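Below you'll find the structures, each written out as structure tokens.
Each of the two complexes below includes subunit A, the first together with subunit B, the second together with subunit C.
Presenting the complex of A and B:
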């Protein structure tokens, strides 16, 4: 028994890695539909703001993440964009992370195609510019000085979706979906809070405690990681990738619990075993 | 020479720092125009800074290729990455999808190289967390015990299956559900601590900024004097 416990304590890390693979991959390939998802107030805080906007209101979404945080932020970005198009809102997309430009473009194009929205008339993707603080300050004063051309090279001012629009001060709602810095605190400090624009956020799980102080005063809501995205998907009635990933999240976390229990129980059991 | 190297940067820093700080509180049209123009300048300067950064990286890695210290081969990959990335970017005009709807070489690189590489790097964290939890998270002190208890509580409360199991066991015997307890922890003590840290950090940033504007802190000029 003692040898067995000692063997368990010194188990090859590759076996642990294999367990992680199984616990994550199996539920993704064969969803188990585990129960328990509850919509939290912070996620509803973003949903409700978009839901109550009248058609043709203008919303901007800043996709401030890169492929490294795609599993956490891509699903919520897609869900929020889908919601905006479903509500027939005009959408202005942009990003502060250069490596996320392709993802942002992909999300806007996919969501627009689903809802039959046309580029330039219903939405625009402004792309990326260097120096995030200057970009945030600039879009809140005169957007055309920062983005004179959109990502496709069109004259931004000439696009029908931008007609009568000069700066983010005219926005009906702003959503920032970010994986770090530059991200939500910068948008709050240099833009939304200064100009009193209603803003919602989305972030990685690890950033959530850091961004909580801004909720619910500076931001109306916060979508945390894949679980938050799954809640948003359930709110808009379109379960997708985040919902499918919930089982993997549940089982992955329970594997960590099991590892913690083993780490603390094995030495105790070894001591009391002959 | 001393004027150009020391005095002039200090004057520029003092004037611009003071103006930008005042601008934040002045809603006049002139103040708005000033910050608009300044943002435009900043973006142009940042674009040049990228070029400087590229030159600096190349200088470091050319040196490595000459000296050939252990691991010098990685510098070759760096050059290959820069050359191929810039070349495909120019060929594709920075677009991932062409006008015909086909994927450009730049788009192919983004989707089939950058995407999986960055995803892989990030997901390695999951493997190491489990390995560390299994080997290293031993409760040896009261603080570690509290940390472990909070971790277990949060995993149960924040993961759908945990919430379901908790409610299946306890049902409505407790006055509050687990997720309500954890929401309270997040929204009250954790938020209060977070705000305290945020205010402290902000005050520190203000103090440092004042020192830089006043010319007391001069590390940004090269660390001397």
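Presenting the complex of A and C:
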């Protein structure tokens, strides 16, 4: 028995990696539909703000993430964009992470196609510009000085969706979906707090404990990682990739808890076993 | 997106994912290739985006149209590059001075408001306003009060823990000890959410690998998985030294 326990304590790390892969793959192959998803107030805080906007209100979304954090941020970005188009809002998209430009474009294009929205009339993608703090302060003072052209090279002023729009101070709501720096703290500090506009946020799981203090005074809501995205998907009635991924994450957590418990129990058991 | 690009994209994504995952077995040339490719592609993409989406419309086009104002920021930007030439490196001080002055002027007042005063407001506000009304002693109302109490006790005790101007003994020691527990809870929450984040990332990659396994993508995952495993076996047999195996 002692030998078995010692063998268990010194198991090859690659076996653990394999176990993790199995635990994540099983729910992908056979969805388990584990119960227990509850919509939290912070996710509802973003949803409610978008939900109560009248049609043709203007909302901006900053997609500040790159492919490395795609699984966490992409589903919520898609869900929020879908919600905005479903409510017939005008959407201004942009990003502060240069390597995420393609993803942001893809999300806007996909969500727009689902709802029959037209580029330039219902939404625009401004793209990326360097120096994030200058960009944030710039879009809140005169957007055309920062984005004289959109991502496709069109004259931004000439687009119908931008008619009468001068700066982010005119926004009805702003959503920042960020994987790190530059991200939510920058938008809060240099944008929302300074120019007193309502904003909501979405972030990776790692960032969540650090961003919590902003809610509810500085941001109306916070969508944390895949779990938050799954909540948002359920709110808009369109369960998608994040919702499906919750089973895998739950099982993964269970495996980690099991491993932690064993790591602590094995030394104790070894002491009392021959 | 036509079929060919879709299949090619799937094969590239699958191959590179498997190459990166091969590091979990051991360090190997496939992993190194994928790693270097990732860095190269990122820099190449960033540079071309910078040139065509930023420098083009903001510098080249205005100058071409006869507007000379962009010359000033361009010169300030070029000033940074003089660091590479010792004779001219003093010029970079002007650029640095501009950036330091601009950043400090912008950051200091906004940081005081956003990262300090507003956060203070967020802590004090629930103490002064009771959402459910002053005389409501129902379970949700009491639950809200308890949450506020935990928040305030946590804030004060953690602040006391980091207050080193007074010796930590007596009530200060007790309060700072409570602060340690709050910090530990925060670190536990941070670890938990980090695990969740990492699992989400793994889920994303495995989901794609699972998607690309079928005939629609010409069996990208199984074919490339076999090839990567074969490579690792051959690499192990041919190049692994006995010392590495030990």
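Assume the second predicted complex is superposed on the first by the 274 of 274 C-alpha atoms of A that agree within 3 Å, B and C clash if a C-alpha of one lies under 4 Å from a C-alpha of the other, contacts with A are read in each partner's own complex, and residues count from 1 in each chain.
The rule is simple: a contact is a pair of C-beta atoms (placed from the backbone, for glycine too) under 8 Å apart; a residue touches a chain by one contact, two chains touch by 3 or more.
Just so we're clear, the structure is a prediction, and the values are computed from it rather than from any experiment.
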{"item": "Subunit B versus subunit C as contact partner of A:182, first or second or both or neither", "value": "neither"}
{"item": "Touching partner for A:130 - first (subunit B), second (subunit C), both, neither", "value": "both"}
{"item": "First (subunit B), second (subunit C), both or neither touched by A:141", "value": "first"}
{"item": "Which of subunit B and subunit C A:69 touches, first, second, both or neither", "value": "both"}
{"item": "Which superposed partner A:254 touches (first subunit B, second subunit C, both, neither)", "value": "first"}
{"item": "Partner chain in contact with A:217 - subunit B first, subunit C second, else both or neither", "value": "second"}
{"item": "Touching partner for A:209 - first (subunit B), second (subunit C), both, neither", "value": "both"}
{"item": "Partner chain(s) touched by A:245 [first = subunit B, second = subunit C, both, neither]", "value": "second"}
{"item": "Contacts of A:24 with subunit B and subunit C, given as first, second, both or neither", "value": "both"}
{"item": "Subunit A residues contacted in one complex by subunit B, in the other by subunit C", "value": "17, 20, 24, 68-71, 99, 129-130, 133, 137, 194, 209, 213, 227, 249, 252-253, 256"}
{"item": "Residue ranges of subunit C touching subunit A (in the complex, touch as defined)", "value": "24-25, 42, 45-46, 49-50, 53-54, 57-58, 103, 106-107, 110-111, 113-115, 118-119, 121-122, 125, 186, 189-190, 192-197, 199-207, 210"}
{"item": "Sites on subunit A touched by subunit B in the complex", "value": "11, 13, 16-17, 19-20, 24, 34-38, 40-41, 66-71, 99, 102, 105, 129-131, 133-135, 137-138, 141-142, 145-146, 152, 194, 209-210, 212-213, 227, 246-247, 249-257, 259-260, 262-264, 267"}
{"item": "Complex contacts: residues of subunit A adjacent to subunit C", "value": "14, 17, 20-21, 24-25, 28-29, 68-72, 98-99, 101, 127-130, 133, 137, 148-149, 151, 185, 188-190, 193-194, 204-206, 208-209, 213-214, 216-218, 224-227, 241, 245, 248-249, 252-253, 256"}
{"item": "Subunit B residues within the subunit A interface of the complex", "value": "24, 32, 35-36, 38-40, 42-43, 45-47, 49-50, 95-97, 107, 110-111, 114-119, 121-123, 126-127, 129-131, 133-139, 148, 151-152, 155, 158-165, 167, 179, 183, 186-187, 190-191, 194-195, 198"}
